[in-house]
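When the chains are written out, they are named A, B, C, D and E in that same order, and each has its own residue count from 1.
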């Protein structure tokens, strides 16, 4: 089966910081790829590069066999890549339904049909009761659900999800998990899901990639990755090496604080 | 379209341009400060300049004070006005959207303008003291004394401000605040009070600028918009956050204006200047927006 | 020993069984804090912590568990919806961040926080802002920092923005140390830094610990943080989860990580 | 439901307000006789607008002061034909669109009997069609505009010369000089404004600085325009200086006129003759403040106190008292003139009928602060201007010799 | 109540509320149409100005209100429209009625020229750029021969009596206003409008979700410019004389922004409320000035400006979302209680 997404040797630097270093992987249609790694390991950068927000320094991305290098985010969206965000980014003054309709602004879909699609998807994620409410009235978890439903509006082939479960109430999390699975199985949508919690991915992803310092350090089944020593090491961090900050042997700064003399009390 | 010009004409234009450029710098300093450091688009800036001109007029007519002395007096007076404006209005909208700030400051503009008309009517005013109509002549090049004085005042202010921002701890704290507000706050800097100081200083330079303009140009309560346009031009071309860049941009624009006014038909001068501003904004606008979002 | 937050009576000031109850008022503590950024989310839900004087207290937890928010609340950058912040028993909940330094507190924030267009020297001078009225003491404090970190002296005329990430981190530490704080809050010191620099940063934290400063460290670099810790808290979904002495955690780190990874 | 109720409420309110308006209006206009005079005891209403704020506020203030002065005088002398006079002057904010709506109001709401023009061509040009369409004379003390006069039957003016003749006096004075003293190199800087452009170009090949100069074989070495918002004119002056201009025309509105004079002075530009032949600027209060920069500059004027025309000195006294003016304002003169013409016409024709008033004006002679006036078929007064030179802080008449108070002094 | 029943019930009330709204709108239009022959002529003129500014404000609102890009140079398109009508009519003898749509098209072309570069900028810099471009256009028009330069253009006047004349323009502006309000209403309730709001709230995610933000913003500008151009053309015939100072006056740009802000940004009702509020207040202050006592003298005419400025400041401080913001706040409170 032809992969939905083929990433070859992708690199991206911001100044002196290496955000992505020769990242390669492929994603088969209708599968879910889990992406884990400590803070700052380059997961979000990878997503941003995949949907065209950043242009890679080198390497290639092929979506459905087509190079995406020069495509803008909205073009990729129209081709079927959609996205959710680490902190839900819904449009607060728009109602829930209006939020759903934003991605269809250029679509040649009749208004009634668009409305109907929005209603179905909102029902799908259990938000149908809130259709007419401004999105700002939703709780954080509900906003994540809305984002997910909104990402499905364009009937995408690939959905990139950044920390969909972060800070979400377990109840909503369970619903979200189930809906992602359904979307994958029934609509043949592929997902790349960034998450901290492997068990969340366990039931979803066949493959998990762990990143650290911009590189892929492990890939395999959830079981394999979570037991991979490099992964555990990456999450543990290192306990300090030999290198020393150039310091003098004794500290001339007295430990008695001048503040005690200078005063400065809270009012 | 180009006309042939003699060398002396060019030299005279050069001299005029430098002097004019310093005047432009002077009226732009305040805008550069508020925009660069606080991210406040002070559209009321030019009405403050206009108030400075009337301060000079009142002090001359009532007390016979020389405008040079008025320029000194303007510093504390306008500093106080700036502090009041900041405390009463700006600080209230500083954390809301920039458009709200724009609206408030536009309201300030309208109120100041209307109040000035009530007080001074719309009559054109001209300030005259012994030196306003004198000029020096060097090798056929005439230099108007009031412009020379204005240029000197501008230079002194530029020097003082630049030294203040670069060499004093307060100045450094102000620059620090513009670069990273949160880091400044956790370093113990009371950024609210510094904003007060910055707005006060910016308003003080507007006041001095107004006094100085009055020595050279006729004024009335309503013709200040042209100075606002000019100040924006200087700030946008110079970029934010540096007094020296403001100075360079001011000189550049002064020179462009006077040189193009001897090279092209005069009616096209402003077309050229506005076009330049459009280009500058397009080239620098994104950069400006970027540096500002960093500051906030 | 390690305890579960569920064992502690809800809403209590979390007097721990480690004798902390006897000096519950010392150090920096947070009592029953609830906080969030927008109207509907609760990033912290009734969280209580205590950083004991002269000790290193480490706050661990998976992403999004509210660690950094806890630090922001402790330093006054975010006002809690309910609950209190106490420093040596005095309530400082509403003291704005710019006044915290004068109380002997300091915060080393996550990510870049140097003033990029100021020189290193100027950055340090900003760190000595509270001494502005006393030039001699400011100079002495700067000299102290330069003696402590000689490389800063080498870079003193350079623009901070032109330094590498690791060098900037040192400038930030130096800037914080000008004020010689007693209570130091450190937020994710290793994020975005190369591994070799990270080691240096922990060396420095170790030295701060030796100097008997009170340290509250929020870190995802679990092993390094635990190595420095005297006492450890973990958060989950914005609530207190586990807490205990280092010893209780040390051998079970992998288990802890796996519990976050859920294995 | 809610929106419906809201709508009904607003509708009812609107209708109430508007019927209230029209009722009031009907009450005011219930009676009028054939000669258009109100019933005995009812006031004759005169209305107009002025740019009391905005770009034209300076001159407008002189108009307002003069209107007030005349009104007070005429009412203290028993009014017009025994009727008290009421005057409504709105602020048009120097904005033609605002002026248009206010003139509609004056005509249809306030039911004014006599219509005064606003100040300056840009505004007046916009309201003239309204006056004409309503068959009302625009008593025009506010602006010149030969084109407008010639195209309309509904204007009576009080400026004793139109744009093409603004510079006529200067050239006639030059004609009287010995050939060797006549300037030959003409420089013109013109503000981009309909009125000043007409001063330069004339009308249908008649008049205008350019035509006058060409007729005399003078060479035009500089001809530049500048926008009203110009900040610095040193480039213009430099060019004039470099072109060795000895007859310099600054065709300006008040604000830039001062800037040009001052810049010319400080850059050492001293043409033989410098004429500020745009607005009547040397008669404005600020001109005195220019000091030496304003000295020696020529300008044209219509009436000066030395003429001792009817009432001119009383008017000047009033201005000195109310406006603290040291120089006699030409705006006050034309404002007073149009009121005097209007007053004499109404009293002479004993009617407010606009057609009859116009016929009366065109066939009679009027005594005004602007001298004795007669009118041509277009409602324009015959040419009657003087050339003044600002000498030792005073406007001296230097041409024509019959009215002169001093000899012209060439630089 | 079962959910199906509930749904049917809500559907019926929704249908009924739409009916009332439609009736209300029809009645309002009818009333305004009747006003044209009922009220005194000066109010006809004043209302014409109100309608014209509503058109400008609705046009401005599409980009400025919904998408949050503050255009401080709306007068550029208004002026281009006025001058297109003037030039075509007087220089090329194009039939006046034909010049009006052509004016809209020329203004749209101008918007394309302005928008493509300008819409790369965000926030205040976009605002300043549009302002400067309006200055630039003014200078250009002042110096072109075809526009009559500073002398301007005298427009042919309609061969009717003054009443008919004013009424014709009253209905012209009324019709255009209804069109503009309808357009705004449709936009506000369309995907296009939602996407514009999305741009205002968070532009990057909007783009990532598939919104061609640049093109949408350009479209918004073009629509507004077309309305302004048509309004400018009608204005030119109404005022019968156009010249660059007044036609490209900064005041028009700023008034449009302020009226929209006072009414409430990003709602079709905003301009409908804000414009009459500001214009009628201004007209009343203007008429009252000189009659009301003020410190022993009469109220000076400049006083209305000061009052205006104070109103502005208060609106910004107390009701940053305009009158509609207040309305929504009150409604919201009623909803939640």
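Throughout what follows, contacts are C-beta pairs under 8 Å (C-beta built on N, C-alpha and C of every residue); 3 or more make two chains touch, one makes a residue touch a chain.
Predicted, not measured: the structure shown is a model, and the values here were computed from it.
Any chain bridging chain A and chain B, meaning touching each of them, is among C, E; the list is complete. Contacts with chain A and chain D are shared by E.
Among all pairs of chains, A-C has the largest number of C-beta pairs in contact. Ranked by separation of Cα centres from chain E, the top chain is C. Seen from the C-alpha centroid of chain B, the farthest chain centroid is that of A. In this assembly, the C-alpha centroid of chain A lies 42 Å from the C-alpha centroid of chain E.
Chain C and chain D have centres, each the mean of its CA atoms, that are 76 Å apart. One inter-chain figure worth recording: chain A and chain C are separated by 28 Å, centre to centre, where each centre is the mean of the chain's CA atoms. Chain C has residues 99, 102, 130, 179 in contact with two or more other chains. The residues of chain A never reach two or more other chains; the list is empty.
Shown for chain E are the residues in touch with two or more other chains, namely 139, 142-143, 302, 305. In summary, the structure contains touching chain pairs A-C, A-E, B-C, B-D, B-E, D-E.
For chain E in complex with chain B, the touching residues are 68, 70, 117-118, 120-129, 132-133, 135-136, 139-140, 142-143, 250, 254, 258, 261, 300, 302-306, 308-317, 320. Residue ranges on chain C touching chain A, taken from their complex, read 38-41, 43, 62-64, 87, 90-92, 95, 99, 102-104, 130-131, 137, 141, 143-145, 147-151, 164-165, 170, 177, 179-182, 188, 190-192, 194-196, 198-204, 206-207, 211-213, 219-225, 227, 237-238, 253-254, 257-258, 260-263. Residue ranges of chain B in contact with chain D, taken from their complex: 3, 5-6, 8-9, 12-13, 16, 20, 117, 121-128, 132-135, 137, 142, 144-147, 216-218, 220, 222-223, 225-227, 230, 257-258, 260-262, 265-267, 269-270. Of all residues in chain E, those touching chain D in their complex are 16-17, 20-21, 23-24, 27-28, 31, 35, 38-46, 49, 139, 142-143, 149-152, 154, 157, 161-162, 165-166, 235, 239-241, 243-246, 249, 251, 283, 286-287, 289-290, 301-302, 305. Interface of chain E with chain A (complex): residues 190-192, 194-195, 197-198, 201-202, 204-213, 216, 266.
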